[in-house]
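Next, two complexes with chain A in common: one pairs it with chain B, the other with chain C.
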Partner chain A sequence: MSSQLLRALRIVLMVMVGLFFLFPLLWVVLMSFMTNVDILRSPPSPFFVPTLRNYLALISGHLSTSSGNVQIDYMHNLLNSVILSVCSVVVSLILGVPAAYAFARYKFRGGEDMAFTLLSFRFAPPLLVLLPLLGYFQTLHLYDTYFGLVWVYQLITLPLVLWIVRGYFEDVSEDIELAYRLDGHGWLATFFKISIPLARPGIAAAGLLSFIFAWNNFIFALILGSSDVQPVTVGALAFITASGIEYGQIAAALVLSVIPTLVLAIFTQRYLVEGLSLGAIKG
Partner chain B sequence: MDAVTYPPIERRQKGRFTVSARVLPYLLSMPALLVCIGILVPFITAVLYSLQRYNLAFPMGRRFIWFGNFVSLFRSSSFWHTVYVSLAYTVLTVGVELLLGLGIALLLWRRSLITNLLSVLLILPLMVAPAIAALMWKLMTNSNFGVLSYLVSLLGFHDFRWGASPNTALFTVVLVDVWVYTPFIAILLLAGLRGLPRQPFEAAELDGVPGTFVFFRILLPMLLPYLLTASLFRMLDSIQQFDIIYAMTQGGPGDTLLVFQVQAYLQAFTFTDVGRSSAILMVLWAITYALTTVFMKNWTRLRERAHGMA
Partner chain C sequence: MTDKINDTLKAFAAGRMNRRDMLTRMGQLGIGAAATTMLLNRMQTSALAATSYDWMAQKGKSIKLLMNKHPYTDALLKNIDSFKTLTGIDVTYDVFPEDVYFDKVTAALSSKSTTYDLFMSGAYQTWQYGPAGWLVDLKKFINDPAETSPDYDWDGILPNLRASTAWSGVPGEALGSPTAKQWALPWAWELNSIAYNKRILEQAHMEPPKDLPHLIEMAAKISKDIPGVYGIGARGSRSWATIHAGFLSAYSNYGAKDFDTSSGKLVPAMNSKESKAFTKLWIEMLQKGGPKNWTTYTWYEVANDLGGGTSAMVYDADSAAFFQERGTKEAGNIVYHAFTPNPEASRPTPNVWIWSLAMSNFSRQQQAAWKLMQWATSTQQLTLGATKADLIDPTRQVVWDNQDFKTRMQGYPGFLDQFAASSPGAKIYFTPQPLFFNVTTNWAAALQKMYSNQVSVEDGLDQLAADIKSQLSNAGITD
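Presenting the complex of A and B:
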């Protein structure tokens, strides 16, 4: 009897947990298919005739407000997010994978210090470097450029790649590499033919996770760019503070901004624990 | 790990393009190191800013005043308010997330179809950008049509104004933080739980040891390194939270939510006082540096265990 009660209690608790964490996502998705009349209806109701108007308005860039139409190119923010995240990940992998290999395979002077300095960037207050960088970027003409932002994004993506991939290289046995080299292959060939393929799951996981982190970043582009290069996170805020934009369109904008990371997260699920703990906990 | 050198191979490849094992690691990590230096330079500049009277509106008055900014900070009540709000935010978010995360991890410990599904779905809030999450909650707590405003009015709170009222603003941003980051702690602890050896629990069951004893004397101590790593991770993020608070209320209403980074942002961009802003950030940096040192020790131990090196 009491074990049955316990079972019921567990199920009730699980439903509550599911409700708390999923309801906001669900509700905003519903809102994005509502007209303004549906949204303002009281009491709020999940039953309505769905419309694609909000999404069409976003894609065309002609948004209806209480005081006529305005032109906001949210799709451009979306494109910026894609450009910034993809470029940051590619650069991080090119810089980070060889470094991760060096840290995993060789004990060299200053190596560990360097690895830790890179990691400590992950935890330093970003504004501290952003403030002086703003000045430098303006003199170097890097302000408001993709190049400048991708460079700063390395602050979050590079430590992630470095530490996750390093763990994978450490798990790959050196004997396989040595055997290949004794066959007369050079170091470079061994690195590309043996080491990288063996660490591929780690490299993929690090790439996907750093994409998610880059996509979700807010403060870098808020300070170091104008709306020409700003991603959806900053764009959405401008959107919500712009007066009178219909709420359904705001909801649709939020949905568009989270879909890429949510879809990726489902695929990276297996690596998530290891990535989020920077390789400290295996999932 | 031992230093790796390949003497016979080095010799055989003389004449071809080879790099000695001494130089190789430096060569490999050089690009990452250069990015490193690119960040260290602005950091030093920030230190210099914090020692100057530097207001963009009065460029002529710029000069070194050494610790003048810090002295005036420590004498101002607004700075201590910032310290207080930041600490309150950190303690509340990390505390609630730790308890809730541990509860959820225990709930999902035993594998079944439902727990597997739930642990996959649980990662979704974690993948939403914190700034976007704040905006989602802002829509849901809107006083005109917000579904949450409606729900709390059913419970009798007719004038609950969420982020717009100084009484409930902190509660609202903490709620958003809890929504985004509790899954982080839950997922980490769940992985920790599932990695624990079974024998102690089986032995305790056989001996009829009471549940509370198992929880406090076996489970919690074994889970402690995971709890520590997860909460230090969260503390480091929470003490410098910017996205959620800025997107929700821009630090308002009034000065209610002026945590470190939001305060520093306003000092620099609204009041153009770069010197004072940098001084605030230096104080924050000192706190995060201390936390990072503790964190690294703990995390290195866990990491070595995960990769079978200890």
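Presenting the complex of A and C:
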């Protein structure tokens, strides 16, 4: 009886904790199907007539507000976020994984200093870096280009990839690699056939984390690009105007912006949990 | 037929025919409302082009604007093609959300970016941008007959707004002084006053507030007697905007000043006798009749509560109330009210926000940019914005006198009367100085402490004045 009670209590507690954490997300999803009048009702009510108006406005690009019809570019912002985040992570993985391997396997002069310098990019306040960078970007005609932004996004993604993956390479026993090389395989083949597959959970975790950080970035594109290259983090603010706040559209925009990260997280979940837990117990 | 259409449009433009008659006549000639608007724009563009001023002097040039996402921007961009036709200048633009807009402007200017030729600004921001050498002093264009159209009528812009966007750069020196530089052109503005929900006031059997003591009494009673409704909405977040809106409007009405400049130096006056007396009333008003979480309130919350029927009155920008007139629960119940807080004062003294157009000093197309500034702030464009779009607070008196605009705004009870009563005393009441944002943010933080009874009003203001004195000294502005 007492064990059944404990079990029931545990379930109740788990539901409460789950609700506590999921409630904001759930409320945002509900808001995305409400009109502004429903959202601003006092006291708030979970009962309302759902509408797809907010999603249709975002997808069609025509927003009907209290002050008339306005054009919105949210889907373009979403595409910008995808381009910037995917390209940044791909570039970081291409550059960062071999570099992480080198830092993990070889001791060379200035190696630690270089690794720490790359990590220190994460410490610098973005504005401190961005203002001088803006001048250079204009001189080099990189302002308002995806290429320039992907380059700058490396400040976020490259140190993450490098330092996380480095830890996983250090965990891979060097003996396995040496055994493979004794069979007559070269260094490159060893790297691709042995080291990378063994560090795959770490690479997946680093890739996903980098993607999330890149996706959530706000300031880089704002300063270094025109409204044509702005990501969702800036685009979602466009629903706050002097003529009112379109809460329903903000919620719908939020839901849409979460989908790519959510899909990616679901697909890489297996690697992610494995990768993060391995990292956590590394001595 | 074409002659009849032209004659009708000319008669309307010249004020000899009202809008309804013009539309009726155009309808009889087989021209619909949309086509009439297009023809009217074209005719007004042609009228501008017909003056002796050479609008085509910069033909072939290209300029780029940096704009805030705002109904006023929509009003300008709606008709941008007529500017291109008039001048042959190509115009591109970037529009950024208000929450990040000034970050973008500051970054562009501080890095000496040549990307943007002109941008929207508030007057307060020009106190930072102008003395830093980032803005063009527009007097060089305004005073040059070769650069400025004889029809521009600079003096037709409301004098307080012209003065409020001009500053010498000397901390404490009055706005609009003879040595002041014109850092921006006033384009549209907002004055801070009372708007109330007539349904709630009728329910409470109350008349609009006569003065601040009356307002406090009303707000306290409404908060106490009507469930789910509080008396008065005002901004309260830890931001300069909290001081700028209702607070400074009422503060000035009580004769209080932010700084005392009578000695020729900038001396914080937030702890003066007048300031302390007024601040006690303000805090009392918020504690007895304000929103429960006042310290988080920005204009968003203030406006939304009015539209949602949660607040009975707001002391904020008239435009904030205006945009609650559509698609909200209380649409149709909002009334604008000119307000003189001090029982001994003779008229309202609203502090104002001025959306202005400023020119980057790093622009490579300054003459072309000036043409757009003239065009955007011309009587024709402001009239179009005010009658056809939501540029509801135009900066020219002639637009306020325009019959079409009056007819339109009569649908918003009290709006025109409020303007007529408030306009003569409406201006920026802050003393210009480069630490404006620090000073006002600290001021808002001090109000929050007083509101939550962490400190008394007397001590809070003394501490604030001492802190600001120290900041000014550290910044080398005072000894």
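What we mean here is this: the second predicted complex is superposed on the first by the 230 of 283 C-alpha atoms of A that agree within 3 Å, B and C clash if a C-alpha of one lies under 4 Å from a C-alpha of the other, contacts with A are read in each partner's own complex, and residues count from 1 in each chain.
Simple rule for what comes next: contacts are C-beta pairs under 8 Å (C-beta built on N, C-alpha and C of every residue); 3 or more make two chains touch, one makes a residue touch a chain.
Just so it is clear, the model here is predicted, and its values are computed rather than measured.
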Practice problem: Examine A:S226 and indicate which partner it touches, taking first as chain B and second as chain C; both and neither are also allowed. | Solution: second
Quiz item: Of the two partner chains, chain B (first) and chain C (second), which one does A:Y143 touch, if any: first, second, both, or neither?
Solution: second
Practice problem: For A:G111, decide between first (touching chain B), second (touching chain C), both and neither. | Solution: first
Quiz item: Where does A:I240 make contact in the superposed view: on chain B (first), on chain C (second), on both, or on neither?
Solution: both
Exercise. For A:L40, select first, second, both or neither according to whether it touches chain B, chain C, the two together, or no partner.
Key: both
Exercise. Please name the chain, chain B or chain C, that touches the greater number of residues in chain A.
Key: B
Quiz item: So, A:L182: does it touch chain B (first), chain C (second), both, or neither?
Solution: first
Quiz item: Just chain B (first), just chain C (second), both, or neither: which does A:A251 touch?
Solution: first
Exercise. In the overlay, answer first, second, both or neither for which of chain B and chain C A:P132 touches.
Key: both
Self-check item: chain B and chain C footprints on chain A, overlapping residues
Solution: 40-43, 127, 131-132, 135, 218-219, 234, 237, 240
Quiz prompt | chain C residues within the chain A interface of the complex | solution = 69-72, 74, 94-100, 103-104, 107-108, 110-115, 228, 300, 303-304, 307-310, 319-320, 323-329, 390
Quiz item: How about chain A: which of its residues touch chain C in the complex?
Solution: 36-37, 40-43, 65-68, 70, 127, 130-132, 134-135, 138, 143-144, 218-219, 222-223, 226-227, 230, 234, 237-238, 240-245
Quiz item: Which of the residues in chain B come into contact with chain A in the complex?
Solution: 1-4, 6, 9, 12-13, 16-19, 21-22, 24-26, 28-29, 31-33, 35-36, 38-39, 41-43, 45-46, 49, 104, 107-108, 114-115, 118, 120-133, 135-140, 142, 144-145, 147, 150, 179, 182-184, 187-188, 191-192, 195, 226, 229-230, 233, 236, 240, 242-243, 246-247, 260-261, 264-265, 268, 274, 277-278, 281-282, 284-285, 288-289, 291-292, 295-296, 299, 302-303, 306-309
Exercise. Would you tell me which residues of chain A are touching chain B in their complex?
Key: 10-11, 13-14, 17-18, 20-22, 24-25, 27-28, 31, 39-44, 94-96, 98-99, 101-103, 105-108, 111, 114, 116-121, 123-129, 131-133, 135-136, 151, 154-155, 158, 162, 167, 170-171, 174, 178, 181-182, 184, 186-187, 212, 215-219, 232-234, 236-237, 240, 247, 250-251, 254, 257-258, 261-262, 264-266, 269, 272-274, 276-283
